[in-house]
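Multiple structures follow.
Look for chain A in each of the two complexes below; its partner is chain B in the first and chain C in the second.
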Partner chain A sequence: MSASAHATPMVRPRVESASVPNEVQSTTDDAPVNAVNATPKKKEPPPEKPEHIRLRILVISSWWAIIMFLGLPVWWYTTTIYRASLPLDEMRDWADGRVCRPVFPLRISIEADSLQDHESQHLLRTTQHALDDLNDFSAHHLRLQLSPPTNASVSANGISVEGGDEEVALKIRLLPGTETKIDLQAYSPILDVYYTPNQIPSSSSSSSSLATSIANKLRELFAEEQAMIAYLLSTSSAPPERSPKALAPEVTDSLAKWTTRSMKYSRTYHLTFSLFTPTAVPSSWDIEAALEEHMKPLLDSFSSISNFTIDTQVQLYATPGVSGSVLKKADLSGFINAAEWPLSPSIGGAPTVNFIVYVGDMEVEGGGKSWLIPQWGGVVIQSDITDLRPAMLIFSNQLMSLLGAPETGSLPLRLLTLIRVRSAGLLLKASGTMGSLARLSDALRSISIPKSVADGVYTTIEHLNQACEGLGGKEGLENARIAEEAAEKAFFEKSMVGQVYFPDEHKIAVYMPLLGPVGVPLVMGVLKEFKAWRKRRMGGV
Partner chain B sequence: MWGNKALVAMRLILSLLLLLSAAIPHATASSDYHEQLNLRSLHPSLLLASFNFQSNTSLTSFEQQNFRYFPRSLGQILQHANTRELHLRFSLGRWDAESWGARPWGGAREGGTGVELWAWVEAESDEEADGRWLTLTNALSGLFCASLNFIDSTRTIRPVMSFEPAGNHSSSTLDNLHLLHGTLPREVVCTENLTPFLKLLPCKGKAGISSLLDGHKLFDASWQSMSIDVKPICEPGSSDCQLQITQTIDMVLDLQRSKRPRDNPIPRPVSYEELRCDLSKDYHSHDTCFPLDAAAQEEEWILSHIFGHPLKGTCPLADDGIDPVCINVPHARHVYASEGAHEHKDESGYKRCFALSPDKDFEIILPQQEISEKSPLEQPLLYAERSFIGYGQESGGVQAILTNPSSTNAIEFVYLETLPWFMKLYLHTLKAKINGVEEDIIKEMYYRPALDRKRGTQLEIRILIPANSTVVLTYDFEKAILRYTEYPPDANRGFDIAPAVITIGDIAIRTTSLLLPLPTPDFSMPYNVIILTSTVMALSFGFIYNLLIRRFVAIDEADQWDVRAVRLKVLAVAQKFMSRFLEKRSKDGKDD
Partner chain C sequence: MNVERRKVAIFGAAAAVRFLLFTCFPGLPDLLTGRVEISTPVTSFKRLQEGLFLYNHNVSPYDGGVYHQAPILLPLFALLPSSQSWPSMTYLLYILVDILSANALMKIAKSGEGGSSSLYCSPRMGKKWSGYAIAAAFLFNPFTIATCIGRPTSVFTTCAILHAISKAVVGSSFTSMFALSIASYLSMYPVLLFPPLILLCYDRRGPKQQNDSLLSFVSGNVMGVGGFLYSLFHMSYIITGSWEFIESTYGVQLLLPDLTPNVGLWWYFFIEMFDSFRNFFLGVFWLHLSSYVAGLTIRLRRQPLFVIITLLGIFAIFKPYPSISDTSLYLAMLPLYRHVFPLMRYTFLALSTILYATLLGPAFYYLWIYAGSGNANFFYAITLVWSLGLSILVADALFAVLRDEWEVERPEMRGKEIRQI
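And now, the complex of A and B:
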């Protein structure tokens, strides 16, 4: 109570004293005027001529016009960041799988020279029926056809393709025999089917045991590939109705491992075979002969998919990253002593696959002496290097898995499967990247999009289209690879991110010393004029 | 004419010298790998250690990429960049030719301060060669953890007179070979460059003389140089070619500093008891000390103290019977080697070598000894020094002093200068004075002027110096003003200018690098400019705008901006608020 009582008397005199000089001022300033005119405090200026007012409004509006229609656009244009126009809708369509449906119509030709034409036609129909009944995944579809009977001699030169674009995934040879037997040839994509004469289906029957067994065999052969493609589709952003029914969890697990294990597809791979020894011996090995004998044939068969360069090295005094005579599973990743072992990454873009023979008598927990390092290479521990055959065989297997080939089937079939699976993978990856780029461009409006990115996008889409048309063949693989490369390059364009660190706020801050002092008089002028106008109107009314 | 003769004679001497030092590969061609360490005492209390590692591989196995002694990482790079011959140098410090004599290897295995690289690249055209050179520098940059990728077109030259291929190239490839040369004088050579260097060796610093190499000691040296040379060598008349890689490390160690224990490396003043004073001086007392002349006193040192650890046996790949460790001291000097080592004394009287036992640590002990005999110092062929002259921010000059110490032989050499584009050379000011008299001693000149931001200046001069005379070479230059973004982060430190290379036949001498101060702007300038310009523009705009839209009236007709009234209003509001707040508080107090 006392505080407030104090406060009021303190202020009150001030109010009084403040009002006094005001009066004093007005009396002193306007003393002669006051004598004549008692009431007004200040003299009103004479009324303005309307043309003056009009002229002022004209001046203000012309300034505004210049600034709005010339200044701002020039400023905007000169400081704006370049954003090349991207076909965003098309990119999103690709990502969502609306443009291309990865369908693999696998052509399987039946060669039945020993059968009558109508018999073979009928067999084909019944087998196709049996196959269609078994198949529940529309994207992966086996289609049977009869091979022209004139081409009686079968060229067994592996996976070479006859007849241009008509790529045949597998050839079935129907051969008369004494018992029913289905054999897959080891070195060419040919399935030999031996049948007894009574198994030829009569034209009236809608099914036959021969057709069923062929269908079952075919399904068995292509089951892994189907699972792989199904897995790829399910992990991509394709619409769910296109994915097949859910895969079994253990299949999904093994396929997930397969994707983490296999290396990125490339036209060329560098293979490096290294001998590491903890002491000074042995300082040489007979690697050339071993490679010639055990590695070259495999690599030659890959020639349609990828090329390989080989180099070898011997490294002495190499200590591994872990010690002990029994290596635990957890140690294996640290075995490669990356700091000391000269396994420098390759130059020239192609990825390197490292194969290491380590001289020693260590053992992996559980008894093994070799292991695979996902997307990197393989290691074999061997105490004696006079015989390199076992190591080379292990390396061959490791190479197959690193390249992403399926685990079952004959070599030619595995390679053909590899082409299809790789093209599908690359296609889906490139499409996904397109979608990410479209999202990125939407989400960050302030990043620049240089022309090279737009070019990359168009290249990608063009090659994606071509890949989609020729899916399943080598053309498709090549196009998918180009598309994927271009997509990655466009997505990881360096100059895009630089602008993120220089946002619009920064720009405004730099120009503030100009925008502030210019903007305030402009706005105040308009406000003042508006006020005056209102006053005039009020006064007028 | 006599100059040519002198040159021939000198070359003979040189080749003899080289033969002596590199007699090893000729002696036994059977072994593919050998290594040797040469120790030499330098005055005062310094030790020159020269490591030499050399291995050969057949060209066919190199082309098939089967690497055994040749490092794969380097081999792949050479193949990828189509490089037929490569010379790479990492150097630090200054070789004091006046007191240390001739350079190790005659200067053939050293580079200018920083990094120097020259290579013969096979290519059809100049553009292709440039592309491959770019690939090469980028790949080597990754391999050696050095900024070699900064060797761009402004730092690359194509020497015309200075360098000759050291390897044997077939005449068909020779036509397509392009010599490219680049320098990085600013690069600081350090441990991260030594580690990849050691990785290239077959024994990797785990055994043999390379086990002595250690970054702490190497980069503590007064002068050090690492080199890598790759060249093809072919037997004349046969198609059997070999690819030879030679790696050398030379360092001048300060014995006193090297003996400092590793756990206590800080230099401290010598305690009074350890001071060696000349007692014969009459002013010698407990607080005055005239240092004793230690010229005749040979310092004591132990190999493992100097290098930090002992030499771990021999590298088993070097099984050619060449002694891996040699020491250049007079035979009268006591040298004690560890057990199992065999000493071989050279008949010259100044060199002895040791055969090591393969698995045992090796140690040399040289006790303190009073000895008047010294191993002779080789006289260098030429003393060279280079410095800046002139003053100011705008222009300057360079002066190179080249002295021929020989009293009988004239020397012909090529002086190569690589200048950055922002150091604009005035060629007409180039003058050569011999013993103070201007004379025409420039025999031949190659000059390629600089292009701004594209390439540097290349100047090669062939000069003949008569015996016992000094040539002073001077020229003026102008300093260019760089763009704002072209300055390095520490712009005020100055810009390093690559050393000049003086080629005398097979050997090369390099001057030190120079530090060129350029006019440096204030780096906050752009923002100041923006703000100042904006302010000026805003001022002029406001002035004109107000002039146009204001109405001019008499002062008593104008609206008064009544500051006092505003203040009163604010005060009233404050008072109202205050009283309400106090009322509320007193109410709360009553409730309590």
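And now, the complex of A and C:
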């Protein structure tokens, strides 16, 4: 029996019969004291039996075994935050514009069947030279090319594909004429250039008036688009060296207005045409025919960019938000009686564009009977609705503005510009979102990143690559739209932000009060046991 | 008085009281069935009716997420006439289950395991109650009667646990393990009683198994329990046609999706819990519940019956869905250790706290749910008091048993006040 070996030196003269509770005990370093000592020492208990010690160690270790082998795995399993790995570098590259330069090398083909080959070559060179002199924005430059001399007549509709698979933004037809005249065809992207025979540049001259005037005209045609893209680039997160030279303040202002005015790009828009009348008449309008005649052709030409669904309604006894025969400009925002007029904000997933005809005799201060409400729709006030043509023409114009088309140019050119501008905008936006997501994931190490976010990121990057390749065309627009949608969805994933408001410091506040009372006895038990063991060992030696 | 006649008298009186309550107060069963103190989401008789209805109409009983009880109860209750048209059959079944429980309790008392186990003999063992007194204390305990009238399915678990113990004390480990398997199958948590129960079986094993080592004895019985549970699960699979019941019964106990208030501590805690920590604290709570098993079994190796009793008390406090049925089981078992009552120090405090909570609990629940003048904290506060009272009782009884063991070693300290040194 090793009990005596474990006895501490402090209690060597053990008192076996502890029948007298306040018996004073002598210790080794004290002289034997008598019972009337003024400061009675605390009585020491008899030493523990080894099997009791063993039992206690077993009990303590059973608790610790549960904590180690069950508690820790449970803790690890239930509190680790799932973070899907994101291609952070790639995302940042996109955001910084290192992967893809939104460059639009616009191809302009020159069709000069009436010219000699070397003459047309020379004209092309001098015109390109003149253009390059005028252009100072590398992301957007015009490239001329000769269309192969074909006998086939020029296809009359929009975009003909020539010179490989690349889409041609504009076609210049050089036609001999009696005087110099440059005409933009209204319904196809063709520029007719009439020249007099003496204007054909001689092969020796480095410039010619014809080349200069063509270059000037081209620059004029694409000035607005260039400004738009420059503006988009300057407002995006692209590095400054990529940005074009500073735009003139008034141009920036008008472009800022353009951004606030135009609606978010969508594959489908919903158009609502509403007739509001303050009395019981008119109770019907000939909207269907008017739409068919005036709206349909425009919407059809948009088909490569967006689709449209249309519905109409008539509302009787509708009072506007403001009254009076002359509407102040400040009051226009209150004209729409949002509380009473049944104008639903959105039908289905598509954004709604509202067009309102109000039957009345009002006039906007300073003349005019129609106005546009940014990102919402347009209003026309008309006292007589037998002829809807003027209203429809106004609505067409408003629709173009709301969709973000440029102000100038022929319709086909405006649509082509719209495609390019929209693609660039979506591309930049999706890239920016990727950058934000990368920064978010870096800055908040404690948030979870579910798999859906990683999937969204990969989808975005894949479609961004495709969009970048096909930039300027319809494919590019579609890919950019998918990329932008996926990027937004990934960025606004709900389950990701659940932990944002739960920083690490708060975890201590959760763990401490709940686990502290459990942990303290357990740790103290081990410490006490360890101390006793050391003491026994030292005493035993 | 003849022994058998006393037994019949007690059982008859208990059955009569229950039957009178059932028949004289026809509204009482439904009233008590609706009480959260008696019916929990995993034992409620009402939910059983829902599951039974679906089962009888060939729909999976777990559709709709109302029924969370073991599938084997369904054919049993489907055999009985409907409790709507023939309620007395259901009443008789529950009365019978109570009497079977009392009978098992009587057998445990008769074995004398409480006073003297095979490894330990209490110096106070002479001071004990007879089995009749213990059975009567169980049968006429208001908690037991209320549970019987409220008809939760936890009475079947209680009966199975008591039978497992009563078989263990006579050394028939096979039957005991079978009863434990049924209890575990019905309510899951009784599986934690396996370690002390197997020790009890081992200590009381018959002469045939006298030479078995503890390891081979335990492993044989583990396989027995595994086999019973497997066949019960397979039977359930045949009854319901899918393994869906595992998730709907044990999944509900483990993951606590139903936060209906009860007398326990979990529901309020998990209402308030941050979502991201919910799973972690489910783990913590379950580990807390099960961590007592090893420690107590090691410490009280010589008195495994008391380990079972203490664990039942701990379960009644810290289980996910406790009810007064669990308390009544603990209170039924505690008198087996009548001889340590004199060593308990806080009996009055514990009993008055429990009484206080019993009386105020329904009142606070009423204030919260019906009167609307209180909130969830009212009821939670009273369940805290209830759990506090039970904890004091459990801890005090444990203290008394430890002191009893200690006095065997140090007879000279008998009757002395303890103090911390």
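We take it that the second predicted complex is superposed on the first by the 418 of 541 C-alpha atoms of A that agree within 3 Å, B and C clash if a C-alpha of one lies under 4 Å from a C-alpha of the other, contacts with A are read in each partner's own complex, and residues count from 1 in each chain.
We adopt the following convention: contacts are C-beta pairs under 8 Å (C-beta built on N, C-alpha and C of every residue); 3 or more make two chains touch, one makes a residue touch a chain.
Since the structure is predicted, the reported quantities are computational estimates derived from the model, not experimental observations.
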| item | value |
| --- | --- |
| Touching partner for A:514 - first (chain B), second (chain C), both, neither | both |
| Contacts of A:538 with chain B and chain C, given as first, second, both or neither | neither |
| Which partner reaches more residues of chain A (counting touched residues only), chain B or chain C | B |
| Contacts of A:330 with chain B and chain C, given as first, second, both or neither | neither |
| Touching partner for A:71 - first (chain B), second (chain C), both, neither | second |
| Partner chain(s) touched by A:338 [first = chain B, second = chain C, both, neither] | neither |
| Touching partner for A:63 - first (chain B), second (chain C), both, neither | both |
| Touched partner set for A:79, first chain B, second chain C, both or neither | second |
| Which superposed partner A:288 touches (first chain B, second chain C, both, neither) | first |
| Where chain A meets both chain C and chain B, residue numbers | 18, 21, 42-45, 59, 63, 510, 514, 518 |
| Of all residues in chain C, those that touch chain A in their complex | 274-277, 279-284, 287-288, 290-291, 294-295, 298-299, 409-410, 412-413, 416, 421 |
| In the complex, chain A residues that touch chain C | 17-19, 21, 42-46, 49, 55, 58-59, 62-63, 65-67, 70-71, 74-75, 77-79, 498-499, 502, 510, 514-515, 518 |
| Chain A to chain B touching residues, read off their complex | 1, 3-4, 7-8, 11, 14-15, 18, 21-22, 42-45, 48, 52, 56, 59-60, 63, 272, 274, 280-281, 283-284, 287-288, 309-317, 340, 342, 344, 346-348, 510-511, 513-514, 516-518, 521-522, 525, 529 |
| Chain B residues within the chain A interface of the complex | 64-68, 71-73, 75-77, 80, 135, 139, 142-143, 199-200, 202-204, 206-207, 315-317, 527, 530-531, 533-535, 537-539, 541-542, 545-546, 548-549, 551, 553-554, 556-558, 560, 564-565, 568, 571-572, 575, 578-579, 582-583, 586 |
